[in-house]
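Accompanying notes for the structure given below.
To keep things simple, chains are lettered A, B, C, D, E, F, G, H, I and J as they appear, and every chain counts its residues starting from 1.
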Amino acid sequence: MLFLARMDVQFPAHLSAEDVTRMQGLEKEYSQALQQDGRLASIWRVVGEYANYSVFDVESNDELHQILSSFPMYPFMKIKVTPLAKHPNSIR
Amino acid sequence: MLFLARMDVQFPAHLSAEDVTRMQGLEKEYSQALQQDGRLASIWRVVGEYANYSVFDVESNDELHQILSSFPMYPFMKIKVTPLAKHPNSIR
Amino acid sequence: MLFLARMDVQFPAHLSAEDVTRMQGLEKEYSQALQQDGRLASIWRVVGEYANYSVFDVESNDELHQILSSFPMYPFMKIKVTPLAKHPNSIR
Amino acid sequence: MLFLARMDVQFPAHLSAEDVTRMQGLEKEYSQALQQDGRLASIWRVVGEYANYSVFDVESNDELHQILSSFPMYPFMKIKVTPLAKHPNSIR
Amino acid sequence: MLFLARMDVQFPAHLSAEDVTRMQGLEKEYSQALQQDGRLASIWRVVGEYANYSVFDVESNDELHQILSSFPMYPFMKIKVTPLAKHPNSIR
Amino acid sequence: MLFLARMDVQFPAHLSAEDVTRMQGLEKEYSQALQQDGRLASIWRVVGEYANYSVFDVESNDELHQILSSFPMYPFMKIKVTPLAKHPNSIR
Amino acid sequence: MLFLARMDVQFPAHLSAEDVTRMQGLEKEYSQALQQDGRLASIWRVVGEYANYSVFDVESNDELHQILSSFPMYPFMKIKVTPLAKHPNSIR
Amino acid sequence: MLFLARMDVQFPAHLSAEDVTRMQGLEKEYSQALQQDGRLASIWRVVGEYANYSVFDVESNDELHQILSSFPMYPFMKIKVTPLAKHPNSIR
Amino acid sequence: MLFLARMDVQFPAHLSAEDVTRMQGLEKEYSQALQQDGRLASIWRVVGEYANYSVFDVESNDELHQILSSFPMYPFMKIKVTPLAKHPNSIR
Amino acid sequence: MLFLARMDVQFPAHLSAEDVTRMQGLEKEYSQALQQDGRLASIWRVVGEYANYSVFDVESNDELHQILSSFPMYPFMKIKVTPLAKHPNSIR
């Protein structure tokens, strides 16, 4: 079951450069694990913005929320989720 | 080069049911041809809306506009295009 | 799996009063069948608006889109869907 | 009498992790007491957001404001309230 | 129990001047009856707009929706309702 | 001459609880004086929000701005003013 | 007492060119009379739009609504009014 | 003196295909004359939309409005104008 | 050549009362000099807001940006500029 | 391949005047290098705002994101990118 998520990152001003770098490292690890096991089907950078569009493939809303709220940078992200269905013209 | 497009369809009130059905047929044909040749990489229905999110894989902005404006239902669609870049955490 | 949907109805000007009444009858029938089988868990009128908030309990995004797009008044409704997860403070 | 409330939480940057945890504990207690006595009929997490949709069952606007403004995290929440009426198609 | 409603009127283009005048007459009658019995506590014109702000004094959400949806011009009005509570600084 | 004002309060994070309480006391005093002399005709709390809708009865725009900008909490309020006129259906 | 009004004109599709021209003639006459007697202090075209910003100098909100709602093209205009006060830095 | 304009075209439903084609022909002629004499410095299609961004080089606001309101398709365009100044980092 | 500007002031929380007062003094001086030489044709306070609408009379966009960006409080203002043209109904 | 970008700068309150000046120097250098090599085709100041509209001429979305995210002031800019295509009326 697919969902499109737009995730916008905004770090608070008081965060040190070290904290940011450390969190970005954890984020990468977490993100790549999700891609390896197939639950994060795609992730793209929005050109010119500290934001991404991601496609998640999960079993339920609860699983999706569990995944999203476990992102290391979750407290600093604004996320909007759109549920997707099969399109009648899709050949997949 | 990838682009995300959200496409919302709104038919004018005066269109006959036949015209709508005919256009939807042409649309399917056109959409599937684009998927066959790889330029329309993905297309999903937005749940509850006469709208889709689509991922296009093209060589240039001009090619993308050419593709979009040739959709049979183009005059009845509101399209918003977001250019995508490779995400640093992507494993693809 | 729960989803909240806000559904706003807007009939086109050219629709006859008879067509509206007939569609409202079909709508009631369809809506009540969905409530009987548990897939439409709740439906409330938004005070002062031709709109409702509804809670759907379904197995998948595809099932939800199938349900929504089969509403007799679907062509005249603007629907926004919000996926819901279990709240940590909920006692249910 | 039912009301739908969307509640978005945003903690100010200076709040310590301990303060947040303590407030979340108080919040849970308060929320569950409201559910026990029936005034908070439902509460759901919005997937991907630090937000909830809640349905309140109260006697009056004053009672609802009293309930909402007594949430321990009230100073850090943005709340939008929608009054609900019985829907003509509802079987309840 | 008080509610503030903003009501914006928009007649469809095809309505004849006679229909508009007739509906405005019915509207006045209905509005004044509501004022006489106290359920419509105040009604003001928004300067420069075909719109009003009104204060309703009712027993319940259901009663308010019943009142609003019975306005003769209801099909041509966009209404937004805000529930009001006693203000701690009010001397009334 | 009547005006509707919506006033939203937002205190900056650095304000001490004492300062807030003190200002709320001054605010109450000021607000009630305005009600006593009739220039603040009504004030209601917006349910669930640190906001109010108020009706002012003044001689001029300058007088209204003088009144509003003298609220003790003015620096922390976002105010939107709507000029009101007599409604043709009003019985007052 | 001054008010700024932004007025956007939108004619319905069914209006004939003759009707438009006739109304524009009446509008000019009415507008210029208001300018002659000083109640319409200034009127400017918004570059690139069928819209204007106008400054009105009137005794009351009721007078302003009376003036605005008597514009021949009033039914086809969307008007937003902003009450103005003397600015402390103004030398007038 | 430079201005950026975004121009969105929307034809009313009743316009015949012939009228549209004829207007597009006149539009091209007019647009190209403006480009020849340098007043329309650049014009680009917004990808996926019946819209353009254009840069105008004119002597005054009045000249710009004169140019814009003379576009053959002006009645069917929504135009937003942004005045531009020399950027301190520009090497031109 | 006329431009309408809406200027909203928002001081950051950390600014001392003395800095604010000092800047307001400089602002008044600067504003009145602009009025004396005719480039700031009018300035009005928006009722209830720390904001103004101003009409500027300048030779070019560059001159206008030079004027605006030299306001002592420029770093704390959000400014929106609308280019104005002569209105066909204006008698001036 | 052309893209229009609107870039709004907002420095956090804690940044020292020296840091701002230093960053503006780096920004100028970087911006002018991009103009020299032709990838930044145009850059204009938005009148009255700390913002610019820029036209980029690049080979791909990835190149554009690389360029934008390397601006020295990138962490303090909100950027919106619009892909541009050749306009059928353009003579270039």
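Just so we're on the same page, a residue touches a chain if its C-beta (ideal position, glycine included) is under 8 Å from a C-beta of that chain, and two chains touch if they have at least 3 such contacts.
The shown structure was predicted, so the numbers you read here are calculated from the model rather than taken from an experiment.
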item: Number of steps on the shortest touching-chain route linking subunit C and subunit J; value: 2
item: Maximum centroid distance from subunit D, chain identifier (CA atoms); value: H
item: Farthest-lying chain, centroid of Cα atoms versus that of subunit I; value: C
item: Rounded Å distance, subunit F centre to subunit G centre (Cα mean); value: 29
item: Computed distance of Cα centres, subunit G from subunit B, in Å; value: 43
item: Contacts with 2+ other chains: residues of subunit G; value: 2-3, 13, 45, 47, 61, 64-65, 81, 83-86
item: Touch-based graph of the chains, sorted into line, ring, star, complete or other; value: other
item: Chains that touch, pairwise; value: A-B, A-C, A-D, A-J, B-C, B-H, B-J, C-D, C-E, D-E, D-F, E-F, E-G, F-G, F-I, G-H, G-I, H-I, H-J, I-J
item: Of all residues in subunit F, those that touch subunit D in their complex; value: 13, 45, 47-49
item: Complex contacts: residues of subunit D adjacent to subunit C; value: 2, 4, 27-28, 31-32, 35-36, 42-47, 52-53, 55, 82-92
item: In the complex, subunit I residues that touch subunit H; value: 1-3, 60-62, 64-66, 81, 83-86
item: List of subunit B residues in touch with subunit H within their complex; value: 3, 5, 12-14, 61, 64-65, 68-69, 78-81
